[in-house]
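Can you keep this structure in mind? I'll have questions shortly.
Here the chain labels run A, B, C and D in written order, and each chain numbers its own residues starting at 1.
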Amino acid sequence: MSQSSRFPSLSQFVTATAGRNMTKPAYVAITSGVVLIMLLTVDPAYAAMHYLIDALLWACLAFFVFEWVIRLRHAAGAGRRAAYIFSFRGIVDAASALAVPIALVAGASSGTAWLLGMFWVLKVVPGIRGLRQLRRVLVVESGPLLSVLVIFLMVLFMASVAEFFLERDVQPANFGSIPAALWWAVATLTTTGYGDVVPLTPLGRLIAAGVMICGLGVFGLWTGILATGFAAETRRDNFLRSWEAVSKVPFFASLGPSAIADVTQMLRTIDLPMRTTIIRKGQAGDCMYFIASGEVEVDLPGKKIVLGEGAFFGEMALLGNNLRSADITTTRVSRLLMLDLVDFRLLMARHPDLAETIDAEAKRRALENK
Amino acid sequence: MSQSSRFPSLSQFVTATAGRNMTKPAYVAITSGVVLIMLLTVDPAYAAMHYLIDALLWACLAFFVFEWVIRLRHAAGAGRRAAYIFSFRGIVDAASALAVPIALVAGASSGTAWLLGMFWVLKVVPGIRGLRQLRRVLVVESGPLLSVLVIFLMVLFMASVAEFFLERDVQPANFGSIPAALWWAVATLTTTGYGDVVPLTPLGRLIAAGVMICGLGVFGLWTGILATGFAAETRRDNFLRSWEAVSKVPFFASLGPSAIADVTQMLRTIDLPMRTTIIRKGQAGDCMYFIASGEVEVDLPGKKIVLGEGAFFGEMALLGNNLRSADITTTRVSRLLMLDLVDFRLLMARHPDLAETIDAEAKRRALENK
Amino acid sequence: MSQSSRFPSLSQFVTATAGRNMTKPAYVAITSGVVLIMLLTVDPAYAAMHYLIDALLWACLAFFVFEWVIRLRHAAGAGRRAAYIFSFRGIVDAASALAVPIALVAGASSGTAWLLGMFWVLKVVPGIRGLRQLRRVLVVESGPLLSVLVIFLMVLFMASVAEFFLERDVQPANFGSIPAALWWAVATLTTTGYGDVVPLTPLGRLIAAGVMICGLGVFGLWTGILATGFAAETRRDNFLRSWEAVSKVPFFASLGPSAIADVTQMLRTIDLPMRTTIIRKGQAGDCMYFIASGEVEVDLPGKKIVLGEGAFFGEMALLGNNLRSADITTTRVSRLLMLDLVDFRLLMARHPDLAETIDAEAKRRALENK
Amino acid sequence: MSQSSRFPSLSQFVTATAGRNMTKPAYVAITSGVVLIMLLTVDPAYAAMHYLIDALLWACLAFFVFEWVIRLRHAAGAGRRAAYIFSFRGIVDAASALAVPIALVAGASSGTAWLLGMFWVLKVVPGIRGLRQLRRVLVVESGPLLSVLVIFLMVLFMASVAEFFLERDVQPANFGSIPAALWWAVATLTTTGYGDVVPLTPLGRLIAAGVMICGLGVFGLWTGILATGFAAETRRDNFLRSWEAVSKVPFFASLGPSAIADVTQMLRTIDLPMRTTIIRKGQAGDCMYFIASGEVEVDLPGKKIVLGEGAFFGEMALLGNNLRSADITTTRVSRLLMLDLVDFRLLMARHPDLAETIDAEAKRRALENK
């Protein structure tokens, strides 16, 4: 990726499409697809430029068919055709490519068939960063979450039956059956409260008040569970990403295994594209960086210094003078380990030898750059 | 359970029913009961197939009566009849069996009597996993939760009196009494906001705005309390379940008591039925397992290896090669202790002797399976 | 308190009223006051029994006047009259006693004057347990909470101005002035959503959608802040209450100061009235108790054993046999320190000498009670 | 600041305005600006006193123009004119000064032009304490927050398309296009629930119920993420502020680096203006203080003692007698380090030498003050 020119050729694009990640054209196609589907249903807009909208929708569809075919061929080439077809991505890709044409062939009106383009947005799912993290939280906490859901459903059903019994004679149009009462109960228990259906009898209102307060409780439990799970997952995710990177920094090699576990819990991994300015001269600094992979360039007054894998920088801002003294920019795709000011101090306090190494290096640099 | 055939005989079913846990037929009866009660109230559906619905409802009821009788006899046999009758389960079982018939006998119309079938859903309560955990949180945090509830009720009452005073002349139909104003206050303070009753005077609206903001605050406090309690409870629950299991794994026997407490906090217990695949070849792995009880089968290319109580597996994915190298399946109902990648590394760092044991075993296996 | 008979004399009641805590008659008076004020406004109820309601209201008022006078005299006797009058309790007591009579004298109608009885509920405030804890959380987190409030108000104002500008020509009745638009904005930003006022222009709806999403954000921040503060406060509160009690248990005296700090973080203080059953024979047990003050009685088959300050009990359930082997009841008002199963194991692991002491005592008791 | 008289001269005010912080007149101008803009739109109020309102609005505007000019000149003097102009504050100051006049010149009616005064409230933003903290939380947690936002938008779009398809024939006025359906979807997914647009078909209501429950989920995730981030940020912020101050207290100099890190995590920094009473005689005390900078005066019965940088006070309340024995007041702007009772005990337990120093000092003082 770091060698590609700014205008990739078609073959490069095909390779990118066949790969796992979303390409920029795909994002463009999905976004415009969403906008076009909306415009299609707005009568004045569609009347004014229906040729354009139709043409662009077909173009979006063509792109998704093209993407699907490329991925199918690529998967077949790698002998994983079945695996691809039945994966979540394969199903979404197929639905994106085929749903609209099939609907059109099956005789649906144009206005209805294009609505199936709503599946296009699902293509974004594998590209959402942090989704894996969210999913793990939901899996780990599924037990208590399901308990709350069951309680939610039980309250829903019992409240509906009670309200049906109390209100069916007063307002048969709104509470004439339990499914109708369920509509009221869902809107109330989630504290949405449309107000289109409202109990009128005193006892019905008392039960409704109870349902609303239960709604607050369900909400609170749900949030409490998710917050707990999320806190644990964040710690875990951070540890895992840092662990791999720490092993590549010779600086930490001198530490014993328990100190490494200690350090790993403090570091935060960040991935940067090339030509990104990490530190800007004159800014206030509150962290230092270790280079796990890649390369950065320090832009000093007279000269440029290149730091490679295993080097560290930004430590001066943590050792007294608060302002950054030089611009520092990545020259390659780099993975950095960020050490926050707070953790820096805790680390230095616990491992005085690390502190000395950093101090010595900082002094050497200060002398050099005078 | 592990010896029972797939088609249990009636006597087996009776034994299961008499026991503490829900049986599959009970889940079926409850689910269909709920659906049938709903259908009963949907006029077109009931008109079309009222024989079927009535018949099935009677069948559900018969099942619950049968269940209640079996449990009563079983409890009487064990000399715990009174204990069962006055327990939550006993009361729910009795209500499920008797409420509808009593209502019918007492002269209620069929459509009304069957509504009492709503108590059937309460039978699910003892079967909800994690309910005990939720209840403990509510008990432990009951102090602050009640404080918030009292504040909630005070705001409710004072807002109702104020709005009654301000709005009673403007809209006597909606704010004609304090109970009527309470209806508005509950819907507002829980941020449900039906909108059927809305203050119209400027001062009334100012108070309403305050009530809404209080609603946010109550919500926030409630959630904050529950989140705090839940985090503590999750830690506790996990520790308790692991502690018992750890003592059955000889691997941990060499650890001192403080290290065992350490390990216990890291492990997560999972219970699996027989013939469940735990690890699938080629998947990415991020945890290892210890067998607390039961047995698993490792499906290697040429042979099958059986691992029993106290053995461990899955450690290779944590020691370098990320992909699982074999399918592993339970052959009996098993309790496993899962050690996450993160905790594995922390544990190895703190207890180098453990690391050596696992390393040695992993090398031995790698040689063997070559 | 432990010596008082079940029917306290008037002088005892006066003493209790003069003290800090709420008395039972006060709770009765407040509750009935609230119910009576409500009934007063319900026309059919008031018409049916207005003599009774009026008489009871006067009785409530008389009680509050009596309470106020006693407290005034008691405070004057202790030389703290001014301090009492200007404290929160003094102001509430004065308002409860004087508001209604003053309103009646000032010529307000009876129906209006009694509404001022709503201040009666404020008398409950000093009696709410955990309120001090809630207040500390609000004080400690006041910085971030106020920031969120300022952001809330800014969004409110700017959204109102924008909607006023966009909607004033379309629906002058609803958005005819900024205060009117504010009414809409509050109901929307708190996600109450009455729906009585709704923007109609496309741009107005876009802004409204933004306001709703901001509402979610404000909610989330608020809750997050409160959850954080609450977790810290719970830890602190528990520590403080246990610290005092630990020093009274000789069992912990052998521990060094850091171990005591350790133990204190694990214990949970509970205060019990006399004749409360702490442990019931046959129940599953998951904690043991230390007696910080008071006395308990162990009801063994043949005899009754009394345990006093500094003793512990319930440890057998933690050392193997899960079911409690005897009923244990307080004979005096007692303060117990509860040690949870989880913490018991952690503590035993870290302090093997404690484990031995408990083991020895448990064996001695087992022998004795055979 | 501590030397300025109570009535600052104009030149002092200009200096204050040029500085970073908000001045009191600025707060007054913003508050009255907001009130005036509101009154402008309330017809009866404006009719009654339109001369006054107009005059005051012009005065507010004049103040903001004056503020902007001073800051521009000051920035130009410091050679940072461009930096100021394109900073957030510069843009807000410019908009506050210029928006209304430009609108008036461009021919907008007076009632419309003054609405642009809503930008005035943005001037408060740099003055909000804790905003930086909130922003850091949002930045650090931006990954998961964005994931949730993307999921939110996907649910929004797909629900809108589905409802449009299901409801367009039944209620073309409300669900006639996807943007119209989006309006319903936003109000539902945020659980606002206006109720102005409500699905009527059974399938439409089923989807709506799903959307409401998703709304609860999104809410829960959002809050969980923010709570996690906020807890981490609070710890970090507190540590950073204490670290600097600790180094100024000689009392802690004897501690090793790891103990200092330990202490720093426990201390809480508070900044106080001069003549603030920190401790009031007779109050219950639950913390002690170290003076990081500034000076306090202890008001003992016979004499006044002045304590300067590095001294500590309030420790007696933590060493046995619960009530404060003297009033203590700042005599200068001071930064204090507060040590809570809980942390005091933990600290004393871990560092017995510290405990001795404090004990010795406390005894010396007790003797002296006899």
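The rule is short, and it goes like this: a residue touches a chain if its C-beta (ideal position, glycine included) is under 8 Å from a C-beta of that chain, and two chains touch if they have at least 3 such contacts.
Please read all numbers here as calculations on a predicted model, not as lab measurements.
For the two copies chain D and chain A, is the contact made of the same residues on each side, with over half of the numbers shared, or of different residues?
Shared-number fraction below one half, so different.
Once the Cα atoms of chain B and chain C are superposed, what angle does the rotation have, between 0 and 180 degrees and to the nearest 5?
In short, 90 degrees.
Just give me the whole-number Å value for how far the CA centre of chain C lies from that of chain D.
28
Take the average of all CA coordinates in chain B, do the same for chain D, and state the distance between these two points in whole angstrom.
Each chain reduced to its C-alpha mean, chain B and chain D end up 40 Å apart.
Any chance you could list the residues of chain C touching two or more other chains?
Within chain C, the residues that touch at least two other chains are 179, 182, 191-195, 219, 223-225, 227-228, 231.
Touching residues of chain B toward chain D in the complex: what are they?
191-195, 223-224, 227
Hey, which residues of chain C end up touching chain B in the complex?
These residues of chain C touch chain B: 34, 37-38, 40-43, 112, 115, 118, 121-122, 124-125, 128-131, 133-134, 137, 152, 179, 182-183, 186-187, 190-196, 218-219, 222-223, 225-231, 234, 286, 340-342, 345-346, 348-350, 352, 355.
Hey, which residues of chain B end up touching chain C in the complex?
Residues in contact with chain C: 143-144, 146-148, 150-151, 154, 157-158, 161-162, 164-165, 176-179, 182, 188, 191-195, 198, 202, 205, 208-209, 212-213, 215-217, 219-221, 223-225, 227-228, 231, 235-236, 239-240, 243, 257-258, 260-261, 264.
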